[in-house]
Structure formats: structure tokens, C-alpha cells
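The structures come next, written out as C-alpha cells.
Across the two complexes that follow, chain A remains constant while its partner is chain B and subsequently chain C.
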Partner chain A sequence: MKQLFIRNSVLIRNSKVLKNGQLLMQEPEDLQLSKFLKNIYKERKLKYPKFFKMDRLSKLGYLGAEILTNGQIEDENTALFFANSASSLQTDEAYAESMEEFPSPSLFVYTLPNILLGEISIRHRLNSENIFFVFQDFDAGLFVDYVSTLFSQGKTENALCGWVNLHNNDYDVFLWEIALSGGIDFNEEELKKLYLPTHE
Partner chain B sequence: MKGVAVTGMGIISAIGRNIEETQNSLQNNKDGISFPEILPTIHKSLPVGEIKLSNREISELLDLPADHACTRSSLLAMLAINELLEKSIWPEFPKDTGFISGTSIGGIDKTEEHFFDFKDSPEYRKYIQAQHPGYTTEKIAEYFGLGGTVTTISTACSSAANAIMMGAQLIESGKLKRVIVGGSDCLTKFTLNGFNSLKILSQKKGRPFDQDRDGLNLGEAAAYLLLEAEDCLAGKSILGRVSGFGNANDAFHQTASSEDGEGAFQAISKALKKAGLSPVEIDYINAHGTGTSNNDLSESMALKRIFEDTLPAFSSTKAFSGHTLGAAGAVEAVFSLLSINNNEIYPNLNFKNAMVETNLEPVIAIQENDIRTVLSNSFGFGGNCTSLIFQKHG
Partner chain C sequence: MSDLHTELKKSIIEQLNLEDMEVSDIENDEHLFGDGLGLDSIDALELIVLLEKDYGIKLTDPNQGKEIFNSINTMAAFIEKNRTR
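Showing the complex of A and B:
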């Protein structure tokens, strides 16, 4: 089995944005999610008008990926491996409500979690391996097993992984890059430490 | 001859409640497109591929207890897998049989039916968890006593194709000896209104690959294959092999396909490479061919890029069944295997004029031919493109 490394990581949680443990942005805790998302977009000086059409789950994934990669994924064969527990439920509910009056096409297109993978693939022109799992909870072991297998089968040399969960506007975003060199050892223990740091 | 063996199949769709009825409809140009009678929708004039059996009628056919909590997708799947089981050598599936089911809708039908009852009627709360697609798969697994590897794939319209691909990979890697793969999706208000809001539903019967195509008809179906490893095959009839598969993201738009069909092109290329075949060795293509302006053009471009001047016979069979979303890849896998076993190509109904952009003409009347190798395409929202290759045994 090849030794793999976690290169960079991003957390978007509790109105804060952290990269590699460093606080990049902090907004008031009670700030509405939609405003928080827009503030991140502005603060990072992003220029990607498609952002404004995305649902909130995709916005979270897109922003996380931009911050993680500084807007550049060099290896076009980078695999995407994402997961969450609430699937696209928040948008499913919003679309179902719109059906009462006029079903919204712009909501309907986001009623699948793999649209988030689509958005990141579109942004970075990736036709690569991608998968989106729905788990009960963050499962470090499955990330390690699955991604290690992709690497050991020679299917990829880089991976972008993420836990992007959103329900009732409660969000939890954790993204990280896996590569063949540099950074922290990629194993369950290290991944759990990055996901749930004991100190802040 | 390499590949994973297909040793059984079962299907229910708007064109038949089993393999024989399905084959009969395909051979006699009998589509299953009608107006909704079972689905409680206000869109009574939108044509759909509806299975004319109520949930109550299916429950009776399956001999389920009155208080079962099965979603419609799980009921349809039970009928299809029952057929597969009845035609097998077993009274029940061996314990080491895996189960991988594709679905796009899962149990949304139950949420639609009972959402407003949840608050005041505790007896309906068992359906809250039905929203999750895994619930539908678990119900099917429970009915057949499948307790090993059981998982759900939900990647919109490529779900069942991905389930077949995953099953084939599990067999190739030696993780499983035997696995039931396929998909099931029922009609719901959620999807009918959603596709209608995207303005991609035809008011008429769908006309895939036609210059004047104006959208798809939604359908419902369940279809499953039994895949088995080499050392399980003694004495069994083999319907065909899954010899190639490939998946790629189109990376173009949330729901629409790219102009040059890049995702489809890459998925087909990977499937050919996996099967060790060159394009000229494909005898027939069962296209994704939804009948929307966008898909059929994009898919045609991809086909032209792969096959250049030697495009084999192709057709979309969605004008028969409607677009059955998460089940489509398995429905069309069954059709592809029927093509291989009967040496016939089922037609692309309702086609009149070729698209001006590509000038491709699908097969429009049943055609007899030696069919050894079939390519089947399934492309889903999110840019998820999958291609499968089925080959004749021997």
C-alpha cells in the first residue's frame, strides 16, 4: 500500500473558515447562512457568477474547494470523494414547497447530492473519478479505505475529499487534499484529529 | 471470453410484467405510454410509462401483510426479483448473494402520500424514514432474506448502470461470487413536476433522435440481473457477459449535457478499453436517447466522435418504456441481453427525420442480425455518464 498524505484542509463551521488550522475568516455566530456564504465569496475575491445560481449545499462545497486549492486544481485526473449525512434534503424540502405553487426548476436541479460533484467538476474541468456517499456520521475509516484503494489501483494520484453536510441551515464542511507526498500522514487517527480539533 | 456472467434477469415496466411480455412488446412495437391513472397528479395530459397496477394490487400479488411499509419502488423491485428467482435454480437466494440497487426516487412517493399525516397520525410515522433511498433497498433485501452486502446507488439516471458496474467490479475482485444488480424507480409528483419545470417533458409520445423531438416521457420500472463469478456457472445457462464498463463526469452543467458529449465520450472509451474491444466490434448501441433536444444531440456527437464513419446500428428504447430514471440502466441492460439472445435489434419508435446537425438514423423497425456485442449508455444529472458493454457467451 502506498503511503498517502493529507496536504491541506479546510473547515467551514460556526461562522468561521479555517485552512490548515489557521483562522481565515470569522463572522458573527448569528449571521444568516446565505449572508455568510456571500461574505466568504467576497472576502476571497472570487469571480464565478455561477456561484449565485447554486443551492447552499453546492455553495458550501464550491467555496470549500476554492479555499482548499486556491482556485487551482493542477491534476485534471484528481478524484473527488465526498460524503454527508443529510444528502440534498434541505433543497429537496425547498423544491417540494415550491410545488405548492409553481415547481421551481432552479431548485429541482439541485435535488441530488451528486450535483455538488458536478459543480466542482464544472468549475475545475474534471472528468475524473467521483463519488458521493451518504453516511449516518463522518466515517474516517471509509474515507481512508476508499481513497487508498483508488490510489493503489493506480486510478489517481490526487484526491479532493470532503464532508459537506447541510440541514436546516446547520452546516458542517471539512475538505482536504490527498497526495503522494507532503503534509500529514493519511490515516484514520489524523483525519479524525483534523475533523474534530480538540483545541481552537 | 472474459467478463462477469449474467445468469438471470427479471423486469417489470409499462411494456410488460415479466421478460416474456416485455419481449413480446419489443417485438411488436407495443409501447407502454399512456396518461397517468395510478399517479395522483393534476398533470393528467402528460404521457407517462405507467405500470397499471396499484400498490394494493402489487401487495396482493406479493402476498404481503396488510401493514407492510413498502415504497412503490420496493414493490416493483420485488416483482422483478421474484421473476429472477422463479427462473433460477434456487427456491431462495443463497446466503452469500449480494444486492446492489439503483434508485433516484427511493421513497419520495411515501413522503408525498403521508407528509401531512406525520404530525397527527403516529401510524404513518414509519414512513418518515422511507424518504431515504436506502430504506427501499433494505425493504427489498428483507423480503428476499438478503443479509450480506446490500447497498444503494443514487446517481440519478445512471443509478442502475452504476449498480451493474459496481456488481461486476465486486465479482471481478473476488469480493462476491453472486450479486443481484439493477434498479427501481416509480412515478412521483416530485419528478413529474420537476422534469416539467425544466420543460423537458413531451406532451406527445417521445421521439428520440428525431429532428422534431421535444422531450421525454417519464416512466416507472424495476429491472435486475443476477451476476455470477466464473466458478458458480456449472450447468447454468448464461445470458451474456458484462465485459466492459466506464464512468466519467461530463463537467458541463448541473442537468444538461455538453455540446461535444465529452462525458459520454470518455465513459464509452473507458468501457471499450475495459472490454478490450475496438469500436468496430460493437454490433448494436442501446442509446440513452431520452428524446430531449439536448441529450440526443450531445449523445450523437459523442457517438460520432467514437465511431466516426462506422457507427453500428443504434436505437433508443425509451419510446417503449418511458425514461425510468434510476431504473433505466437496468431496463436497457435487460433489453440489450434480449437483443443478444434473440439476435434482434428493437426499434427506436416514433422516429421520422434525422437531426440536421448529425444526420444519424436509428433502427426504426425490428432487425434480425447476429448480435454479439452491445453498448448501453446511461447518463445522469450531475454529469454522471456510464457506459456498459454486454457480450454474447461463447
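Showing the complex of A and C:
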């Protein structure tokens, strides 16, 4: 098994944005999610009008990836491995509501969680392996096993991983990069440490 | 500019989430798709929904869309002629 490393990580949680443990941004806890997301977009000086068309789950993933990579993924074969527990339920519910009158096409296209991966792939022009799992809880072991297998099979030399969960506007975002060199050892224990500090 | 033109621009900005865009940014004869406003295929579907919801117009022939959604001018002309509300 190849030795892998966690290069950078990002947390978006409780109206805060942290990169590699450093607080980048903090907003009032009672700020609406939609405003919080827009504020991150503006604060980071992003220029990607498609952002405004995304559902909130994709916005969270897109913003996390932008912050994690500083807007640049150099390797177009960077694999994406993401998971959450609520799938795309929040958008599914909004779409179901719209069906009572006029079903919304722009909501419909986001009624799958892996659309988030499509958004990141389009933004960074990736042609790579990607998968989105739905687990009950954050499962560090599964991330380690799956990503290690991808690297061992020679399918990728870089990976962008994430737990991007959203339900009833409660969100929990944790993204990190895996590479063959640099950073912290990629194992279950280290991954849990990065995920858990502010998650209490 | 007629009230309908302004109303359409406001609806498009709101329905299609064209953030940071104002009514005055959209020219009446500007192409809505392609090089103009840069709308995409999902936006086209939203415009079809908008026609039905706001003006009671149901598009039966999807091929009509290309002509109708060419610009605000073409949309407004089509609505004036076919609106039921």
C-alpha cells in the first residue's frame, strides 16, 4: 500500500470557515445559510456566476473546493471522493414542493448529491474518477480504504475528498486533499482528528 | 421600454438567479443565449415554465423556443400576442 498524505483541509461549520485549522472567516451564528454562502463567495472574491444557480449542497461543495485548492486543481486526473448522510434531501423536498404548482427544472437537476461532483469537475475541467457515497455518519475508515485502493491501483495520483452534508439548512463541510507527498499521514486517526476538533 | 419588457427582465433576473445583474444591464435586442446573456438549457426550461406560470402560455412545439427566446423583444412580442392572463 502506498504511503499517502493529507495536504490541506477545510472545514465549513457553525458559520465559520477554517483552512488547515486557521480561521479564515466567521459570521454571526444566526445568519441565514443562503447569506452565509453568498458572503463566503464575496469574501473570497470568486467570479463564477454559475454559483448562483447551484443548490445549497453544491454551493457548499464548490466553496469548500475553491478554498481548499485556492481555485486551482492542476492535475485533471484528480479523483473526487465525497460522501454525506442526507444525500440531496433538502433539494429533493424543495423540488417536491414545486411539483404542486410548476415543477422547477433548475431544482430537478440538483436532486442527486453527485451533481456536486459534476459542478466541481466542470469548474476545474476534471476528467477523473469520482464517487459519492451516502453513509449514516462520517466514516474515516471508508475514506481511507477507498482512496488508498484508488492510489494502489494506479487510478490517480491526487484526490480531493469531502464530507458535505446538508439537511434543514444544518450543514457540515469537511474537505481535504490527498497526495503522494507532503502534509500529514493519511490514516483513520489523523482524519478523525482533523474532522472532530470543532465538531462537538 | 414597455412595462412588459421591464417586467420580463425582472422575472428573468429573479427566476434564473442572475445575481449582480440589473434590469438596465439587459438590452431589449440582446441574445439571451450564447454570446449574449449566456443562459443555458436549464434556463430555457425555466423560461418555458415562466411563460406558463405568469402569462398562461403553454408551448406545444419546443422548436418555437429558439425564436421566442431570442431576445427580450421577441419574448415580449410573443407574450403580447398569446397571453391568456
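Quick notes
The working rule: the second predicted complex is superposed on the first by the 197 of 200 C-alpha atoms of A that agree within 3 Å, B and C clash if a C-alpha of one lies under 4 Å from a C-alpha of the other, contacts with A are read in each partner's own complex, and residues count from 1 in each chain.
In this text, a contact is a pair of C-beta atoms (placed from the backbone, for glycine too) under 8 Å apart; a residue touches a chain by one contact, two chains touch by 3 or more.
Just so it is clear, the model here is predicted, and its values are computed rather than measured.
In this superposed model built on chain A, chain B and chain C occupy separate space and fit side by side. A count of residues in chain A touched by chain B and by chain C gives the higher number to B.
With chain A as the common frame, chain A serves as the apex of an angle whose CA-centre rays point to chain B and chain C; its value is 70 degrees, to a multiple of 10.
Using the contact criterion defined above for the overlaid structures, shared-chain residue A:N127 touches chain B, although it does not reach chain C. Contacts of A:A96 after superposition on the shared chain: chain B is touched, whereas chain C is not.
With both structures placed on the common chain, the touch criterion links A:G21 to neither chain B nor chain C. In the superposition on chain A, contact is made by A:L117 with chain B only, not with chain C.
Legend: residue contacts after superposition of the two complexes on their common chain; A:G141 is shown touching neither chain B nor chain C.
In the superposition on chain A, A:V109 makes contact with both chain B and chain C. Looking at the shared chain after the overlay, A:P49 reaches chain C, while chain B stays out of its contact range. In the superposed model, A:P197 lies in contact with neither chain B nor chain C. Here chain B and chain C sit at a least CA-CA distance of 5 Å once the structures share a frame through chain A. Touching of chain A by both chain B and chain C, each in its own complex, is seen for residues 102-105, 109. Of all residues in chain A, only 87, 89, 95-96, 99, 102-105, 108-112, 114-115, 117-119, 121-122, 124-130, 134 touch chain B in the complex they form. Across the complex, chain A is touched by residues 104, 111, 131-132, 134, 154-156, 189-190, 193-199, 247-255, 262-263, 266, 380-384 of chain B. By the touch criterion stated above, chain C contacts chain A in their complex at residues 16-20, 38, 42-43, 45-46, 49, 52-53. Looking at the complex, you find that chain A touches chain C at residues 38, 49, 52-53, 101-106, 109.
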